[in-house]
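Notes to accompany the following structure.
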Amino acid sequence: MRFTRTADPQDSELTTQRLEAFSDGVFAIAITLLILDIRPPDLADGVHKTLAAALLAIWPSYVAYVLSFVVIGIYWVNHHYIFKIYQHTDHLFNLLNVFFLLCISFLPFPTAVLGKYTLDATACQAAVTFYTFGLLLPAVAWFLTWLYASHHYRLIDRRLAPEFVRHLTWQYGLSNVLYLTAVIASWINPVAGLVIAAGLAFLYLLPSKPPAYRDQPVP
Amino acid sequence: MRFTRTADPQDSELTTQRLEAFSDGVFAIAITLLILDIRPPDLADGVHKTLAAALLAIWPSYVAYVLSFVVIGIYWVNHHYIFKIYQHTDHLFNLLNVFFLLCISFLPFPTAVLGKYTLDATACQAAVTFYTFGLLLPAVAWFLTWLYASHHYRLIDRRLAPEFVRHLTWQYGLSNVLYLTAVIASWINPVAGLVIAAGLAFLYLLPSKPPAYRDQPVP
Amino acid sequence: MRFTRTADPQDSELTTQRLEAFSDGVFAIAITLLILDIRPPDLADGVHKTLAAALLAIWPSYVAYVLSFVVIGIYWVNHHYIFKIYQHTDHLFNLLNVFFLLCISFLPFPTAVLGKYTLDATACQAAVTFYTFGLLLPAVAWFLTWLYASHHYRLIDRRLAPEFVRHLTWQYGLSNVLYLTAVIASWINPVAGLVIAAGLAFLYLLPSKPPAYRDQPVP
Amino acid sequence: MRFTRTADPQDSELTTQRLEAFSDGVFAIAITLLILDIRPPDLADGVHKTLAAALLAIWPSYVAYVLSFVVIGIYWVNHHYIFKIYQHTDHLFNLLNVFFLLCISFLPFPTAVLGKYTLDATACQAAVTFYTFGLLLPAVAWFLTWLYASHHYRLIDRRLAPEFVRHLTWQYGLSNVLYLTAVIASWINPVAGLVIAAGLAFLYLLPSKPPAYRDQPVP
């Protein structure tokens, strides 16, 4: 008997498990690289008379470090949360995930800009706008991935309750609106923009809603 | 028959296993990044006539590298030790762990400051105070996590002997007191502060006490 | 009865699984390190009047970041694809893989050069040539590894259809020719060189051909 | 019936598996960080007229990168080889391993020094001496770990043939002697020192001797 064994097309795609492991690596590295953007202050330029004063003067770098650490940490936690809901992958889904990781890996740069220019009166507004824009990027990538995967239950668990799926769509969409608001607000008032962005980050410190399932088994 | 399957709230939280894997990543990265803070010396400024002299002159950077490497290495070993004792996680526990990792990731910065300013007579005191403060931070985060998890056996193995639990509470509390002593001592005498901090680190090179269990099974 | 148990020589070599895990680590780190080459712009030199202008002026760094991120991301995906086909390892195969990882780890450097000198009229051509050469290197290492492993089915799945094996040989060989074309084209016209290299990268965003197997079982 | 369940002291120590996973992380990070020490050349100082010339002029950095990459890569391969032989761990063994990883993580620094000062007539000798010393350090740590673990078969597989154990002791001891020779030779002639060190590294590219076992089962 002759036969042609053609591999399942799915086989040439990444499993969710493999994607999660790689993403965990990127999260861990990006979160740990943040500190490299804080350099020991140089006393030779004479701006600060003592090291203590110089170390205190770069407090915006510490704030930026903590804020970005918390943001990436929350994405890491939420990534595990959402990958319990994603059950399959396909090629476009994988590409969207690579785009999301690209945005996460980018975050140390706007963080460094924010840390460096927060106290510079003329550059502060641009620094905050750039930073909030840097926070908007992964939120957009996350939302696009969700929209693609949840559309007609394309890649998500079919047993999930429709109202729960709608709830997540609203939540992620609202995050995008709020980060965009932070970007726009920062044009008018940098402090307002930063407060919105930080408020949103700390709001995500609350536990995520546990998945809800349909009342009846899927026929 | 209709039914609503609501997922176990625990499901939306990280397991201890996942938390350990992510923490291991952060430990490995933070420990390896330490070397990036030692830069090849620049002979162009004419301070040192030979490369050999310049390489010897930055000996405080080597000492700071070894000390921080040992400290992070010990936290890594102890993290595995303590996660045999932690049996469950909850949301606040996870947040406390993220805070602990934030403190570990921060360590390369005070290490770089210590390496750069130890030999600077006017800045040495501030550098040591900042470094010992940097060592105090993860000790505080570790202690808070332990207090939260061990309170009424909230997240730890219920079979552990109460005296063993008290032993760890005392040990971790004492570490905090000693690191705080090092911070304060460094104000008066930088060498004393550094000796206390280094002594504490090397004390932790001794093997940890193996967990002790109750004489009788938990009813 | 006397016997000498000599370990299987294979035992002293790495398994494909171990090689994959280590490679994943290098991929994740190299991809995340790319951002470290984009530094917050310095306004002190007076070239740009505002931070916004300075952040926009380094757009080539963003393009280089995205391009190299995509290239490394694709290699990561393809690495998993090809390691479903590789079934054994031997010593020379492992060395070829180390050479491939050496080329991947090298990429952040030409990426930084491209970002820094794209807008410099006199250096742009050399920057693009160097970058396309940097992209050629891992393609060559990949091709050599494939040629070695697939020669007479040395290390690959024996059930694979010969035409499928030839297909991959042609595909990887063609990639080498195209990257080499990009290097040469960049001497004449940097834009042309970059367009070829970027086009090739984005072509690889298409899903890989699933493995095809022989019509008959291997005798 | 009353009973006291005291945990096995071994429980509070790391398993070889855990140690291997952490070491793999450190190897992968250290090997990938090497490239960060090669910075895009600065044309502003006018030393080199073209970018092409500047990129060629830093060829010692490329050589240093390749050499250190190969050295760390070989240690990674040998680490897996030797951990098939190590069967147990104890506290001192773990500390010796942390010391070994400290030496591996240190390597990017002498690599950067070698890359920067090879072409500097007055600093070249010191740079090579420092680099070969940097290569000696992990060899010493490796040898000490082996001596401790293999002494009276303390932590190694008891079935290994005594002559095989002696073979490894000689091999690792000889490596130490040769690296030390490279350090001393570099005082007289930097090129000679570097050739010995590089030759030793490339010698290790040959496959390791597979473990040999006793003729008779251990009684």
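Order as written gives the chain letters A, B, C and D; numbering starts at 1 within each chain.
Criterion: a residue touches a chain if its C-beta (ideal position, glycine included) is under 8 Å from a C-beta of that chain, and two chains touch if they have at least 3 such contacts.
Treat the numbers as computed from the prediction; the structure is a model and nothing was measured.
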item: Both-way neighbours, i.e. chains that touch chain C and touch chain A; value: none
item: Chain whose Cα centroid lies at the greatest distance from that of chain D; value: A
item: Distance from chain D to chain A - Cα centre to Cα centre, in angstrom; value: 37
item: Chain C and chain D: spacing of chain centres that average the CA atoms, whole Å; value: 26
item: Residues of chain D touching at least two other chains; value: 25, 29, 33, 36
item: Chains that touch, pairwise; value: A-B, A-C, B-D, C-D
item: Residues of chain B that touch chain D when the two form their complex; value: 24-25, 27-29, 31-36, 38-40, 43, 50-52, 55, 65-66, 69-70, 73, 76-77, 80-81, 84, 159, 205, 207-213, 215-216
item: Chain C to chain D touching residues, read off their complex; value: 2-9, 11-14, 18, 21-22, 25-26, 29-30, 33, 36-37, 91, 94-95, 98, 101-102, 105-106, 108-109, 112-113, 116-117, 120, 122-123, 126-127, 129-130
